[in-house]
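Each chain gets a letter, A, B and C, in the order it is written, and its residues are counted from 1.
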Amino acid sequence: MREALLALFLSSAEPLTRARLAGIFDGDPGCAGWEAALDMLLATGEGPLQLVCVAGGYRLQIHPRHNALVARLHVEPPRPLSRATLETLAVIAYQQPVTRPEIEHWRGVAVSVQIMQQLQERGWITISGHRDTPGRPALWVTTPGFLEHFSLPSRAALPEIVTMEEGQTDMQA
Amino acid sequence: MQPWGWPMSGTTAESGASAAPVRVHVQARADLPDGLFVPPDALELLLESFSGPLELLLWLIRRNRMDIRDIPVAEVTRQYLHYLHEARRRNLELAAEYLVMAAWLAEIKARMLLPVPPAGDDTDFDPRLELARRLEALAMVQGQAAALRTLSQAGRDFWPVCPALHPDLFPAPPPVSLADLANAWRALLLRPPRRLPPAHTLVHPHMGLRQRMVEMLLLCRREPRPWYLNELLPLRADRLAVAVSLLAVLELLRQRALALVGNEDGGWQIVVPAAQVFGS
Amino acid sequence: MREALLALFLSSAEPLTRARLAGIFDGDPGCAGWEAALDMLLATGEGPLQLVCVAGGYRLQIHPRHNALVARLHVEPPRPLSRATLETLAVIAYQQPVTRPEIEHWRGVAVSVQIMQQLQERGWITISGHRDTPGRPALWVTTPGFLEHFSLPSRAALPEIVTMEEGQTDMQA
């Protein structure tokens, strides 16, 4: 019965209701235990699939534990961060909490709304409060998600930047 | 010369027919009556089921167990015309192509009566060859269509799996490393000198007019003596701070919170009006 | 690995090629045995599913032993193809790339616009280019969707035409 149920769900483009299933199974003595099998399937899923209850009935979906893999099939490969975005993230990481005008000061150019949005959507920066100065500008900080992505135990674990002189030699190298 | 009116390119049929010659085994079913007998009501159905005169012709040839490569044109033409005649007699609608085909058959028949030139190219001369090619092409298409029909079809013979949904997927993080981040920060630090960060300007003696007015008033009240103007202006300040302080003095004078008094030098000084000193 | 493969196939709307799978799995040390798992899956299927080779890739379909049940769900079977449609499709499938005048030549009758539209709407044929002859007629070819519908691994897998007997029985039917 479990296989029969799976065959039906797998071949159906839309969710199946109990009524619909009853219409298919009822009257067939070989399908007597289908309701028990359905409940079992709901509880345990099957392989990489789980049966979920949606408005229109029941439907199979891939268990979220396979998300990372399924994403490789369906999600376009990520594009590298633009230089502007990377610089903005660096200022926030090293200077936090920091206001947008301050970021612009560090970078020497205006910071576009898109860049801030992109970093927020990525889950790497967030607003921690407001500076108590005229205009009360938002203070930006990095998130735990940022630390996680870069495998950092804490904000303090950001690599130290060498002194200016060393940096300069580095530049010339 | 193209004796019939259908679109033709000529090349395809020839290449197709020669590339894959069709062997036509004419094995009509034994239970099929010979000759021209068609049940009266069946003629209409029969003609409707043909998609054109060529198909009717092919059907006739197969039914008479004739060889496509060696068509007895006279007999086929006779039968073909008979069907056409029957159809017209029963007022059945016939497409014009059926008549074009009849004309072509008649022409082939006529040409076959001419003597064969002794050294002539046979393929060029035998008018039946073009007909045979067309019939073979159609026979081949029919075979291919029948072959397609034998294939399993989705939704009839098998059901593919409908893609299962998956939870919302988030785009993979961009490939950026900690080193990239640190390098970006270092590059920023190494850039040519910038103006001081805005955080520093906040402790710079630029300040609001109102705040400067308050500070000035407090100073004058703390030491209620006549002040020279330059004593009230900030020391070593930039132009903006001086300007704001000047504005503050003028505004306080306008509001009569401060007043000007003459001194013995013939100049003037700034004082807190007497009433306010005692009032505060 | 078997579950991971199933998750990918189950979430994909089109057949997956080995190259596509390699792009997903290769470089991931945890997925080293995927090719063996794929071959295993091809050989044994999984529950009510079988993995078949179609349109140059692999696709899951319901095992035919469940056809009777699944047919109860899909009550209205697809409309059978008309003879004219099937013949037109046959010419395109076997002679591709082919122009419309050539199709008409093969079949001996004009090909209606409706038939070409119907085949296009089903996603079975498409224009691949234009013949470099006067009028630059469009060249028609079959699509991967055609192979998927007729469960063909490739164009080369079209059944060979041996004799005309089938054609004849067909005529009488």
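To be clear about the criterion, a contact is a pair of C-beta atoms (placed from the backbone, for glycine too) under 8 Å apart; a residue touches a chain by one contact, two chains touch by 3 or more.
Since the structure is predicted, the reported quantities are computational estimates derived from the model, not experimental observations.
Using mean Cα coordinates as chain centres, the one most removed from subunit A is C.
Taking A-B and B-C together, the pair of chains sharing more C-beta contacts is B-C. Averaging Cα coordinates per chain and for the whole protein, the chain whose average falls nearest the overall one is B.
Once the centre of each chain is set as its mean CA position, subunit A and subunit C turn out to be 36 Å apart.
Taking each chain's centre as the mean of its C-alpha atoms, subunit A lies 28 Å from subunit B. Note on chain placement: the centre of subunit B and the centre of subunit C lie 22 Å apart, centres being C-alpha means. Within subunit A, residues 10-12, 49, 60, 62, 66, 70, 72, 74 each touch two or more of the remaining chains.
Each of residues 159-161, 164-166 in subunit B touches at least two other chains. Considering their complex, residues 159-162, 164-167, 169-182, 184-191, 194-195, 197-199, 202 of subunit B touch subunit A. Across the interface of their complex, subunit C is touched by residues 6-10, 12-13, 16, 20, 22-29, 32, 51-55, 59, 62, 97, 134, 137-161, 163-166 of subunit B.
Partner subunit B is touched in their complex by these residues of subunit C: 9-13, 49, 59-62, 64, 67, 70, 74, 77-78, 83-84, 86-87, 89-91, 93-95, 98-99, 101-102, 104-110, 148-152, 158-161, 163-172. Of all the residues in subunit A, the ones that touch subunit C in their complex are 2-4, 6-8, 10-12, 16, 20, 24, 46-49, 60, 62-63, 66, 69-70, 72-74.
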